[in-house]
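We call the chains A, B and C, going by the order they appear; numbering starts again at 1 in every chain.
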Amino acid sequence: MTASEPEKQAGKTGETLPVHETPRGNVLVIAEQIMGELQPVSLELIGAASILAGKLGTKVLCLIMGYKLGDIPQRLVAHGADTVYVADHPELALYRTLPYRRVVTDLLESMPEPPHVALLGSTTTGRDLAPRIAAHFETGLTADCTELDIGPYEHKSKIDPTKLGLYPDCLYAIRPSFGESLKARILGPWKNPQMATTRPGVMVPLPADPARQGKIIEVPVNLKLEDFRLQVIDVVREVASGLKLTEAEVIIAGGYGMGNAEGFNLLRQLAGCFDHSAIAASRKVVDLGWIPYEHQVGQTGKTVRPKLYIACGISGAIQHRVGMSKSATIIAINKDPDAPVFKFAHHGIVGDVYQVIPELIKQFEKAKQGVESVVHSH
Amino acid sequence: MPSPYDIFVLVKQVPDQSSKAGINPDGTIDRAKAKRMLNPFDRYALQAALHTKRTYGGRVTAISMGPPLAVEILMEALEHGVDRCVLLSDRRLAASDTLATAYALHKVVRWCGNFDMIFCGLQTTDGDTAQVGPQIAERLGLPQVTYCEDFAIEDGKAKARRIIEGGTQLISSELPLLITVANSYHQLEYKSFRGAWKVQWLQRHPEELSKLVSTVDLDTIGAEPERCGLKGSPTIVAHTDKVGEIGGNCKMYEGQSIPDMVTELIKSTNIKEFVQTK
Amino acid sequence: MSTRIEYDLLLVGGSPSNLTLAYRLLELAKESGKELSVAILEKGKDFGSHIVSGAVSHPHVIEKVWPNYKDMGFPIEAVCNDSNFSVLGVEEKWDLPHKLYPKTFDKTGYLVLTLSHVVAWMGRQLQEKNKDVPNVVIDLFTGFSAHNVVVEEGRVVGVSVVEKPQSDEDYVYGKIICFGDKGFISRDVIEQFKLRDCPQIWSVGVKEVWQCNEDYAGKVWHTLGYPLLEGTFGGGFVYGMKDKKLTIGMVISLDSKDPNLNPQEKLQEYKKHPWIQSMISGGKLLKYGAALLPEGGYYSLPKKFVVPGAMLLGDALGVLNVKTLSGIDRAMECGRVAAEVVHEAFVKGDFSEAALAPYEERLRDSFVIEDSYKDRYFRWTFMENPRLLGKYLPAVAKGVDAKHPLLGAIKAGFPNPFQAAADGLRALGLMEMGKDIGPIKYEADYKHIVPEFTPLNFEPTQYEKSTIYSRADAVFFAATKYHEGNNHIDEFNAAVCMKCIHTYDSLGKTTPCVADCTAEVHRVDIIGDLRKHGMSLENCIQCRTCEIVCPEVNLRVRPTEQGSGPDFMGL
């Protein structure tokens, strides 16, 4: 059922819709640390939360869970949290769904009013925890948002008359719609907290202000026996092979147009020409198994914003675009002049990647030798 | 010999986005015309379920929710070797968001009886939320392993490896348990000829087929219609926008020789600033 | 213990021959009420996904099997209303006056077809018809191919459906088994029963489908000359289809002297011709594919069409007629005839070789083998006299470029007019006048390769670069998809490959497998000091050219599993 039909009916009868003025609640960020290391996405979420709270005229709350958290709460304040709830407990040292879920639900249930909005990172942790919280409170959750905002919404559909009305302060959770060059605004104003997750790298953190004041509140941790059904035996940190994608200055990305897994060797060669470079890939080639998941950029992969992004044989579907469109310079190499990638790249070469990339490498080498020969002449 | 395990696997039929059929010019999908397929992520879940059955013994039940045509993917699951299938199909489920979907699915799971583990794909290719699995676990009060890339049973407990940022976690969990399987898990094995043969035979013998494949509606499983579909969904898609052309003024290099285009590109960008000088 | 999976009739290959057989059998069984079970194995993921053909075909057999085919949604791309036979120079084209070429090249009234769509249609018709004939069970196994033939006590009784069968689960059996494949598995039957003295010889067909700006529906060209001006037997074809689509293809014999004849590249050269450029510039490539054509004709036919338990149809038999450029109707006629024989056998309950023998008798009495006999020397004519394609044709082509095609022909004969006249008479006699020189025996294609042979290169200079695709890029348009762990080409002896690579390296060439591959599969890997043969199997479009041209007979292309391979739908 589409919304347009009831909309017309409402218009015909000229009814005025009830206005649901609810007290404006705070904006909660559930921050994340791994082995005592605060994850950058948490600061980005606080940055986004500050904007939302500013529009609502309310406060930014932040919950951090872990063990021996040190100065993390202060840092969260410095980056914009007004109140930081701290759950510091040995059983929270490593992330586990059930104990973390317990702390979050206990905290929210202890509040006289639930927060207006609750935000988590679209990380393996956030995507594990957020749906459990949303299901527990039977509230809406939108995954992998690329934009967040607060605004009014008129619900005119009469399918459920209890939902009818004007909601002045909804969370606009905006995300690309699947397989399409569309973005959808998803709303759930009927129940608080209105929840959303965003990918690391999407939102912008506030600069740290060490002088900033905020409340830091210890949260009681009351775990139950059933919360220990699952135990973490070990954590294996991968020795970073090469530079992390999200930290690279230059990213060489390959898509289906590379033809096969071996094609990525050519990209690695090109990446070798640059300092601080990394290899990325579109989802399609990750699905095909040409390259591991950690290289995937896009809606279901990582979000990156390097200084230089060279997209090779990537058509430029929306899912990929949302993960890299904020790169400072985007160069696209694609055989198909109609490829969508040329609509948002800054520079586009229409040509076979297997001809263009070797030529690029050749000209870089030549330039390098040029520099050397000048040096030698001294 | 431990008692055989009751293994559930949740699967979904999604539009095949690699096929151009049913893709409208504006980018939306006409689901009636689009080619349909088993959600690619669910192939890993199916493999995990079948592997668990083959290694430790047990019975695999494939559960899906969708229109009647979704029975196609259950037939595919049968060909691969699952033992029974349940399709939840009900018009009142239309426009369910993840929460309403999870509600309905947890009701089917309950209706299907006891289980030791539920495998799900990490996410679907048409929703990309990765929410339904954990939300079912919450409603069933289960521990969960998301992003699972290895799974075994030792001494009656699940041992699994899951992906976390920058590494992996090894976990041990009591059963029952819900697992969402990452695409770094093993690929789905081939369907056997006998599996394909059996399904063709079953399709000619509806009375036998109905013993293995049941279609249920909300009333059968005792789900409250108010908590399903549009009514049961706390979120709605209020508005869609065509994504504006970002950039939009791409400098194009075409029609010249490759070396010329590359030279010009290097000249007109700051690309050289990043090139290694040593 | 599981029991054998056995059907009355097992059809190997979802080919036009086997699908015609199955459909006709349904009709016969509907009349007789005979209960039958039939299984069809098709290695592609769908019916039609592994089939590629020209195709211009006369609908006479289609009409016999589906009299109302036009009202049944039978997919027709166009009806030929403008048939041309042309000689290409490097820059010019000369359409021969109709009187100057054999009538068999006139395709007016023939159907232009997309064979993959036709096969998919036949599959659907079969399922529809089956609803009407409850006494017949038809099981369709797409994504499953026959890998090994099972012979028990001298009788073909079944096939394995995986490469390495482990249990009874991996076999399927049939009281009668019909092979309608392109040789992937029927070659094993032919070898095991020693059915062939004279080898089959092959051509490879490469084809692209283009979206054009103009409508060429109904126009058909068959061309000789450019870009095959070095003596290789073959030619080009361009067929106009509905919706402004155009088929552009080449058929190139694999008995070429040239060890480095890349069919995909030849097709690109063909497309550079100004005449084709004028049609495709500004257009869009939609699909690319390749397949082998059995060209030997009459003398390459197996000694028997039937062995105990099995029958050979279509390309498995080798009924394609190169002279009339027709194979589809012949394959379908095989199926039509086989259906009757198979039905009689089941009604009588007699599946002996003798009971199936009428298949061969009836086929030999039909146009299928009669035409094949009539045109039995067509290929031989060009083989026995290399001057026809190596000298006269290039001269005519030169004349075409000079806008004096006939003068070119005369000039070609001028240095030795007596020989030219004798050559002409001999060729005419063999091809058209029914001259009999007794049985002939071909040599296998790879034996024709002359490692040192280097052809002259001619190329038009003006063409739109965006219309030309490298082989690696072309594969993209064949939409290959392979399952993990696929390994469907055997290299029997790595040392033999290394030696072959060395031979060709020293001549400044590459090996025939690398050069002639239609899909960027074979490569030379440099590992330390060694140069080894390597393969990118995920690119393979399963044409089997490498197997045929390997000078050492060191490669073998096996059927794939799980429907892996190209997606030729639309070719």
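By definition in this document, a contact is a pair of C-beta atoms (placed from the backbone, for glycine too) under 8 Å apart; a residue touches a chain by one contact, two chains touch by 3 or more.
Predicted, not measured: the structure shown is a model, and the values here were computed from it.
Geometrically, the chain at the heart of the complex, using CA-atom means, is B. For the pairs A-B and B-C, the count of C-beta pairs in contact is higher at A-B. Here the CA centre of chain A is 52 Å from the CA centre of chain C.
For the pair chain A and chain B, the distance between mean C-alpha positions equals 21 Å. Between chain B and chain C, the centres computed from C-alpha atoms are 40 Å apart. In chain B, the residues that reach two or more other chains under the touch definition are 187, 255. The set of chain A residues that touch two or more partner chains comprises 289, 337, 350, 352.
Contact of a single residue of chain C with at least two other chains is seen at positions 484. The residues of chain B lying in touch with chain A in their complex are 15, 17-18, 23, 26-29, 40, 94-95, 97-99, 102, 123, 125-135, 137-139, 141, 143-147, 159, 162-174, 177, 182-184, 187, 230-231, 233-243, 245-248, 250-255, 258-259, 261-263, 265-266, 268-272, 274-277.
The touching residues of chain A, when paired with chain C in their complex, are 256-257, 259-260, 262, 289, 335, 337, 350, 352, 354. Residues of chain C touching chain B in their complex: 2, 5, 137, 139-141, 143-144, 161-162, 169-170, 172, 465, 483-484, 561-562.
By the touch criterion given at the top, residues 466, 470, 472-473, 475-476, 484, 520, 536, 538-539 of chain C touch chain A in their complex. By the touch criterion stated above, chain A contacts chain B in their complex at residues 1, 3, 34, 39, 94-98, 101, 123-125, 127-132, 134-136, 138-144, 153, 155, 157, 159-160, 173, 176-188, 190-191, 226, 229-238, 240, 244, 249-250, 272-277, 284, 286-287, 289, 292-293, 299-300, 307-308, 318-319, 321, 325, 329-332, 337, 342-352, 355-356, 359-360, 363-364, 367-368, 371.
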